[in-house]
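First chain A sits with chain B, and in the next complex the same chain sits with chain C.
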Partner chain A sequence: MTAEFGIFFLVLTFVISSLGFFSTITSGNKKKFLTLIHHEKISLLLFFFTILSFFCLTYSFLISDFSLNVVAKNSNSQLPTIYKITGVWGNHEGSILLWLLVMTFFGFLFSNSKIPDQNLKIQTLSVHNSLIFLVCTFVIFTSNPFERSFPPPIEGSDLNPLLQDPGLIIHPPMLYLGYVGFSIVYSISLAVLMLKKKTNFIEILKPWVFMSWIFLTAGIGLGSWWAYYELGWGGFWFWDPVENASLLPWLTASALIHTIMISSKKNLLINWTLLLSIITFLLSLLGTFLVRSGVLVSVHAFASDPTRGIFILLMLIIVSFSGLFYFLRRTELYSSKHQIKLVSREGAISLNNIFLISLTFTILIGTIYPLVSSIFFKSKISVGAPFFNSILTPVMVPMIFGMIIGPFLRWGNDDLLKLLNRLKILVFLFLFSSILLWYVNFGGPVIAIIFFIFAAWIIIASLFELTKFMNFKPKLRINSLPAKYFSQSISHIGIGLIIIGATGSSILKIEKIQFQEIGEIIKINQYDVEFKGVKVVEGPNFLSQTGVFEVSKDDAHVINLKPEKRFYNANKQVTTEAAIYSTIFGDLYIAIGDKNSIKNSVSWTTRIWYNPFTIWIWLGVFSLVTGGLISFFRVIKKKK
Partner chain B sequence: MKAKNKRLFTLLSLMIIFFLGCTILFKNLKNNLVFFFTPSEIINKPNITQNKIRVGGMVKKDSVVREVVVKEEKQIQKISFIITDFKEEISVFYSGILPDLFKEGQGVVVEGKLINNFSINAEKVLAKHDENYMPPELEFLNTSKKRN
Partner chain C sequence: MRFLAFIYIILFIFSDLYAVEPDEMLDDPILENIARDIGKKIRCLVCQNEDIENSNADIAKDLRVLIRKKISEGKEKKEIISYIHSRYGDFVLYTPPIRSDTIWLWVFPIGFLILLSFIFFRKKR
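On to the complex of A and B.
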């Protein structure tokens, strides 16, 4: 019965959201189809019914109702309860329902926020409810999670073991909160463009942009952390098409976060802010299309049918055409004759935008080129990681310089010589840190040292910015420090930390793959890794071969590491669980492979990595999120 | 310079930069493309010039051979197996660790350099991550399986 209730609530959502759709279509009419109170009620009801529907699905997973297709394919009665719940979004249908849930939740939040311009609020809600209508149609007609199969199987075929992991509990919802957050950003922007009168919307847009960016950053960070310890490949970023798909809206959103500052402070580049808002949501949708249509080869792809792809493509076309149509119609309303000087804060931010957009464009090309070529040239190709790495470096270098100099430039107009004069101490610190790093030399190629130096410069410059502010006010308390400086510096430091981590764990990594006999010691970096043996451990729904490794350094015991190879009972799948020992200087990473018996001796294939500075990546992501949060709360506080 | 000329100049220089950027981009892209072939395509089209290619098909049953070679006082595992698309076969040589989902009778994609027309030295072996999921490149396996 639960499933019937679930689909019933979904249909209610569908019917109610269609009101929003009609109201958007008829928004040109003088007489409004719905008033503000109607729209607010609609948003509340949509959220209410979607959450009920989502609960129905969760309940079906909890009681292992295998008559539902989705449950039968992605759950199992042996599965631990927590993974029964996360199994809800570990598949296509459930994850799209989650998407819908988040979307209605944000609509509900927006309907409860104070917006001075009533017309803008009405228009935004009606656009957003139309989006909900489109997504809801998609759920009901192409990916109904409540579809039954007859006769129901006795046992489910289990959740993909790779997804049975704590990282997967929060990674998809985080990412979705980010992706879907941009639907509100899009709705506001489109509503602004649809209104004929000029309105003040930047301050309304700001908190949503920050919030979505924070979730997207955290979501990508968590995903890459999961890939690092769960896939057992020892890396954190593989330029997989789906990783790229999440990076694209992140890049444009980062550009948006920077321009929205100019828009709010100087009332400039408002058109550009609007365009970026629209593009960011389009890229979020494109990401969904690439993942869910199964057109790309990727870790994230699910078995899928082509009608879904066509539907999302259609949605993409509707959303992009209406966005760009209104944008082109209304460009004059917000355009400004003011020219931006290159050597100024605005100039630096504009340059940052140009580089971020170029980077987005190139990654987009690299990601969809295989798809285009398979349609038009019938050739099956893939674009390798070297391509992305080769374009990242030349774009990163000017961006790093911008990040260092930009924050010190004055608004309006500035002079490079004067700037140099102001930053004498900083230049000295740069020289000093470069020489120091060159001398310390982590033993890698020159490029690694150069990147370390750049990262050090970013961090020093950001810290310097904070101390410089402290000079103005000798009696400084933390709460008197303007959050603006804080959030910017912390985020930039985050980028610096990520550069250090990425450089360390890609260029300087040490890899050792071997047959290791019991008792054999492998030396890696300063560690001695002794293989103690393998024991069989029984998990709730798997059998694990757990290797025991004793790690010591200078004859002193450090830690015992226990990497596993798990054999899942239900679908006979094998997964590798790496064991990691993290320190500030680097991670010791062990994965265990197959048993080999040759010539009376028994040995195991073991892979041992030393990944320098990997932990700095996660610290960097944390730092970025913290910076974002500070900005977010500042914006919210200011609004009240 | 007049305002109009200045604008034209900026526009032109922006366009030149854009086209230059695109040229570099596509050249770079072209150098990093990895083409995908089926075993039949490799054997029937003997003029594959690409440096690195991908070959996909099914791992032939009972074709996986593991042997250990001692090289520079280190034991190295050499693995060889045969990929088939039910018409032609390609032998694969690989030294490294096979992915968790590598199985005989399952779809696989390998990336590496061709030794000759019927064998390849693999640098990477990619197995799919989900039981039900079949990469679009290997879709032909489903259809040919049904036919057989």
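On to the complex of A and C.
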């Protein structure tokens, strides 16, 4: 019965959101189809019914109602309760429902926020409810999570063991909060363009942009962290289409965060702010739905479920056409006559935008090229990590320089020589740190040292910028440290930390793969790793083959690490659980394989890595999020 | 339950989740590194989206062994890659070969970069 209620609430959402759709279509008319109060009520109802529907699905998972296809395919009666709940969004149908839920939640939030301009609020809500209408149509007609099968199976086939992990509890919702947050950003921008509104909208846009960017950053960071410890070979970024799909809107959102600053401060690049707002949501949509439909991973997904693919295509066409159509029609209104000089603050931010957007475009092309090429050229090609890595470096270098110099440049017009004169101390610090790093060099290749130097420059420059606002006499006091500079510095430091971590864990990685006998000691970096043996441990819904390793350093015991190999009962799948010992200098990462069947002695395949500075990646992400949060709260406070 | 565990481990004894096995590796770390480097550029043909270094499929293992055999024979990196390319087609390469149908992969981004720079820094009347 619960499932019937679920679909009933969904249909209610569908019907009510169609009001928003009609209101958008008829928004050209003098006489408004709906008033503001109507719209606010609609947003409340949409949220209310979607959350009820979502609860119905969650309940079906909790009671293991296997008559629902989704539950039967993605759950199991043995599954721990927490994973029964996260299983709700561990599949296509449920995750699209979660998407819808987040969308209605943000609509509800927006309807409750104070917007001085009533017309803008009405228009934004009607655009947003139209988007909800489209997504709801998609859920009901192509991805209904409440579909039943008869007779119901006795047991479900279990949630993919890779997804039975704490990281997956928060990663997808976080990412969706980011993606979907941009639907509000899109709606506001489209409403602004439709109403030809010229002023006072950047401030309305700002908190939503920051909030969505924060969630997206955290979501990607969590996903990367999950991949690092769960996929079992110590990598953190694989350039998989799924990852690229989340990176694309993040890149344009990061560009947007920079332009929105100039837009609000200097009234410049307003057309870019609007365009990026629209494009970021388009990329979120493209990413999620392409990944969800399976088009990117396998070309055959279109053929297996053509309705889903065609619907996605239609939805993308509607949303991007309306966004870009209004942008192109109104672009004259928002373009300024101001000439941007390369050597100036706005020049640096423009450079940042040029490279970020080009990078986005390149990754987009690389991600969809195999699909395009199979359609147009009938050729089956692959585009993977080596391609993306090769384009990343040349783009990173100018961006790093922009990031270092940009914050010190003056608005309007500046001079590089004068800048150098202003920053004498900084230049000295740069030279000093470079020589120091060159001397220390961590035994790595030149490329690693260069990246370390760049990262050090970013961090030093960001810290240096803060000293402008500090008063050292008579004692250290932070003189009205402006939150804006603080958030900018912290975010840039975050990028520096990520560069260090990524360089360390990819280029300086040390690897030992061997058949390790019980009692045998493997030396890696400064650690002695002794293999103590393997035991079988019983988990709630799996059996674990747990290896025990004693790690010591200079004959002093450090830690016991217990990597596992798990055999899940329900679907006979095997996963690895690496054991990681993290320090600030690097991670000791151990994974256990099989018992050796070739040699006579008792030995197991063990894989031991030392990944230098990996933890700095997560610290960097944390730093980015912190920077974002500071900006977010500043904007919120200012609005009140 | 112990017995079940035993059965499971027997059943899965050959289903190692990882890639490179210790007995596949070359003794010389420099040559092994070259092999890794090549392996990262080659896509596993039967997996979702993995290079052969990180795949546990049989075909990936065969290719890994083949690459190491060729290296031991003194073959160059380029030779080995083009040998695999000629045997398995374009799909196996993670960086596609530059041809009339793939050149756009590089032309579009560069063109886009130039276009954007022009838009941002163009002289305004």
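One rule holds in what follows: the second predicted complex is superposed on the first by the 616 of 640 C-alpha atoms of A that agree within 3 Å, B and C clash if a C-alpha of one lies under 4 Å from a C-alpha of the other, contacts with A are read in each partner's own complex, and residues count from 1 in each chain.
Just so we're on the same page, a contact is a pair of C-beta atoms (placed from the backbone, for glycine too) under 8 Å apart; a residue touches a chain by one contact, two chains touch by 3 or more.
None of the values given here were measured: they were computed from a predicted structure.
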Chain C versus chain B on the shared chain A, clash or fit after superposition: clash
Partner chain(s) touched by A:P241 [first = chain B, second = chain C, both, neither]: second
Which superposed partner A:I340 touches (first chain B, second chain C, both, neither): second
Partner chain in contact with A:K73 - chain B first, chain C second, else both or neither: first
Contacts of A:I375 with chain B and chain C, given as first, second, both or neither: neither
First (chain B), second (chain C), both or neither touched by A:P386: both
Which of chain B and chain C A:V536 touches, first, second, both or neither: second
Residue contacts on chain A - larger count, chain B or chain C: C
Contacts of A:V446 with chain B and chain C, given as first, second, both or neither: neither
Which superposed partner A:V574 touches (first chain B, second chain C, both, neither): both
First, second, both or neither for A:I365, with chain B first and chain C second: both
Those residues of chain A which chain B touches in one complex and chain C touches in the other: 232, 297, 358, 362, 365-366, 369, 379-384, 386-387, 390-391, 513-515, 565, 574-576, 593, 598, 605, 607
Chain B residues within the chain A interface of the complex: 21, 25-26, 28-29, 31-37, 52, 54, 66, 68, 74-75, 77, 96-97, 100-101, 129-137
Touch list for chain C against partner chain A, complex: 1-2, 4-6, 8-9, 12-23, 25, 40-41, 43, 48-49, 51, 54, 89-96, 101-102, 104-105, 108-109, 112-113, 116-117, 120-121, 123-125
Sites on chain A touched by chain C in the complex: 232-233, 235, 238, 240-241, 297-298, 337-340, 342, 347, 350, 353-355, 357-358, 361-362, 365-366, 369, 373, 376-377, 379-387, 390-391, 513-515, 536, 538, 543, 545, 565, 567, 574-576, 591, 593-595, 597-598, 605, 607
Contacting residues of chain A [partner chain B, same complex]: 73, 157, 160, 162, 232, 294-297, 299, 301-303, 358, 362, 365-366, 369, 374, 379-384, 386-387, 390-391, 513-515, 565, 571, 573-576, 593, 596, 598, 603, 605, 607
